[in-house]
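Two complexes come next, and they have one chain in common, subunit A, joined by subunit B in the first and subunit C in the second.
For the complex of A and B:
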């Protein structure tokens, strides 16, 4: 299993509050900009989408790919980041 | 099928259930995703042929060939060595076989043989069988009889590899047991 990045660790360590979407693991500047354009400007909005998709991995991955063009690795990083955050704080 | 975008959320939800797609509530942000998934599912269902099915059909035809062709005529005077077994096919068989086999790419091979309008997948199986020996043909017949071909192609290929190894080992054993060939085989005339 690949180890989690520092970004992931930072995100899941505390409530996300008003963090931007680029604070999410797997979401860098380019993807973050695309998400913001679609209206997902804060991490909690993406969290909302994640929850509305019932925290389903496949659905969330597909949604992420369609919305901002994330590749497989980025999809996985973002998904596991959000899932772990939910395990701790939801 | 009417466009999905005019359907109500409830209808989309019902369609997703019909196709067995796991989903959450149909809200503004998820609607596009679910419409896309439904389109893919509908397109997939419309396609009748899949590679697995074709593969299975090939196997089926091999089975049919084995059981169907009882040799009515034995014409041994053909010029084709490997083909003698299959030269017993009549025109009636040919018509049936052609109807059954949709593999157009094999027909090109058939044109070379006037009397041999046979199902080529079976022919290739026999061709390979007539050279190494009768044991291969039985293994070929054993292969198609397994109904799990479409589901687990991996098992079948594993089985084939095993059979091949057994034959190879057997041939190697025979080879090692053979006496060395004489340099002058025609020693009788002295």
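For the complex of A and C:
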């Protein structure tokens, strides 16, 4: 199993509620700010986009790259974080 | 009068007019600015030019290919959501809802699929051509063959899209423009809407993107700025960008990294792997090892149940049931008391009846009573 960061574990352990996008794994201050500017100010909005893309990894990664300029590692972290959250709570 | 300079913007308006008339192109209204003439000139004259010997092949082929690429771009933009979905399904891609935020992504994906399936050889040929700038006869033939295939495909697309409505086109254009105004880095979206694309360079960029995925953001930005500037300028500066591309190619080859698993994710080839068809949702790992889903462990280290789930009761469901049962035991006594009361009432009712019920037992009793009376009366 690949190692996951503390941020990932914290996010996946409980319902996201009103957490900001910065709480997502792979999304830090800079990327979070960019997402907020685009209107994705809460983690659940990014979740919405993830679900609309049918949880497809490639499309979500591409969307993330286009929207906030995330690199490959950040894309992967965010994707796996959201996917695992969905597995547990959706 | 021989013209050595390629730049039609340097032509006089009169010259542009005469050129357009010579090529049987409709003139724009006479009050229009020179740049309208320039655009028309570029669109029509450049694609049919045979005057410039040294650049003939590149311009001719680049122009016609550009026109076809333009047609494809326009087609994708004209497709309605359902048609886009259907086209994706043709390539085996089950698309999700096509909404404002997802449309651009799906258009890009479709374009990539169309490119990769029909023009695999084109990629190779264009790559060597642009890199070398030295035209070979063999390359030329290969290019022409591929363009015949391309032209037949785009004709098909064009016939399909003849019936498209204006509203969908303007809607998609509007969406695309809105998006491109939002993000400066989002020229991938504007790529799908822009009609003037130099196909070879952008295809090369994609090819390079898929093959050598740079890990640093800087090279991404460099690439993006390079590709962005490529689209906004039209084909008259094609050569300049080819030169630029040569530079960036050499630059990029220095920072070349080994193809990573990213390649597998960005290259959209028709899926032939059975396992990935069976389990489309699992993430592809470089080692091929798939991890199982992990459920959060309640009460494990750092996640004591009371703090994580404060709303839930602390007792387990079985103890809750026991409590409920205990609660039910109390009214049970009440039920027994009520039952006894009812029994007493029934007995009293029976006892107070005037005519006793007659049955064999009462008859026997009566007989015994009579016998007893007789005994006592005899004494």
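Keep in mind that, in the parts below, the second predicted complex is superposed on the first by the 88 of 90 C-alpha atoms of A that agree within 3 Å, B and C clash if a C-alpha of one lies under 4 Å from a C-alpha of the other, contacts with A are read in each partner's own complex, and residues count from 1 in each chain.
Quick note on the criterion: contacts are C-beta pairs under 8 Å (C-beta built on N, C-alpha and C of every residue); 3 or more make two chains touch, one makes a residue touch a chain.
All of these numbers come straight from a predicted model, not from anything done at the bench.
K.L.:
See if subunit A has more residues touched by subunit B or by subunit C, and give me that chain.
P.N.:
Counted on subunit A, the partner with more touching residues turns out to be C.
K.L.:
After lining up the shared chain so the two structures overlap, which partner does A:88 touch, if you call subunit B first and subunit C second: first, second, both or neither?
P.N.:
second
K.L.:
Using the touch definition from the top, say if A:49 reaches subunit B (first), subunit C (second), both or neither.
P.N.:
So A:49 meets both subunit B and subunit C here.
K.L.:
For A:28, select first, second, both or neither according to whether it touches subunit B, subunit C, the two together, or no partner.
P.N.:
neither
K.L.:
In the superposed arrangement, which partner chain does A:72 touch: subunit B (first), subunit C (second), both, or neither?
P.N.:
second
K.L.:
Of the two partner chains, subunit B (first) and subunit C (second), which one does A:61 touch, if any: first, second, both, or neither?
P.N.:
second
K.L.:
Return the residues of subunit A at which the contacts from subunit B and from subunit C coincide.
P.N.:
Common interface on subunit A, subunit B vs subunit C: 49, 52-54, 56, 58-59, 62-63, 66.
K.L.:
Flag every residue of subunit C that touches subunit A in the complex, lowest number first.
P.N.:
Subunit C residues touching subunit A: 94, 96-97, 99, 101-102, 104-106, 108-109, 182-183, 185-186, 188-189, 213, 215-217, 220, 260, 262, 265-266, 268, 281, 283-285, 291, 293-296, 303, 308.
K.L.:
In the complex, go through subunit B and note every residue touching subunit A.
P.N.:
Residues 22-25, 27, 29-30, 32-33, 36-37.
K.L.:
What residues on subunit A touch subunit B, complex-wise?
P.N.:
Spelled out, the residues of subunit A in touch with subunit B are 49, 52-54, 56, 58-59, 62-63, 66.
K.L.:
Please name which positions on subunit A make contact with subunit C in the complex.
P.N.:
On the subunit A side, the touching residues are 1-2, 12-14, 38, 49, 52-59, 61-63, 66-67, 69, 71-72, 79-80, 83-84, 87-88.
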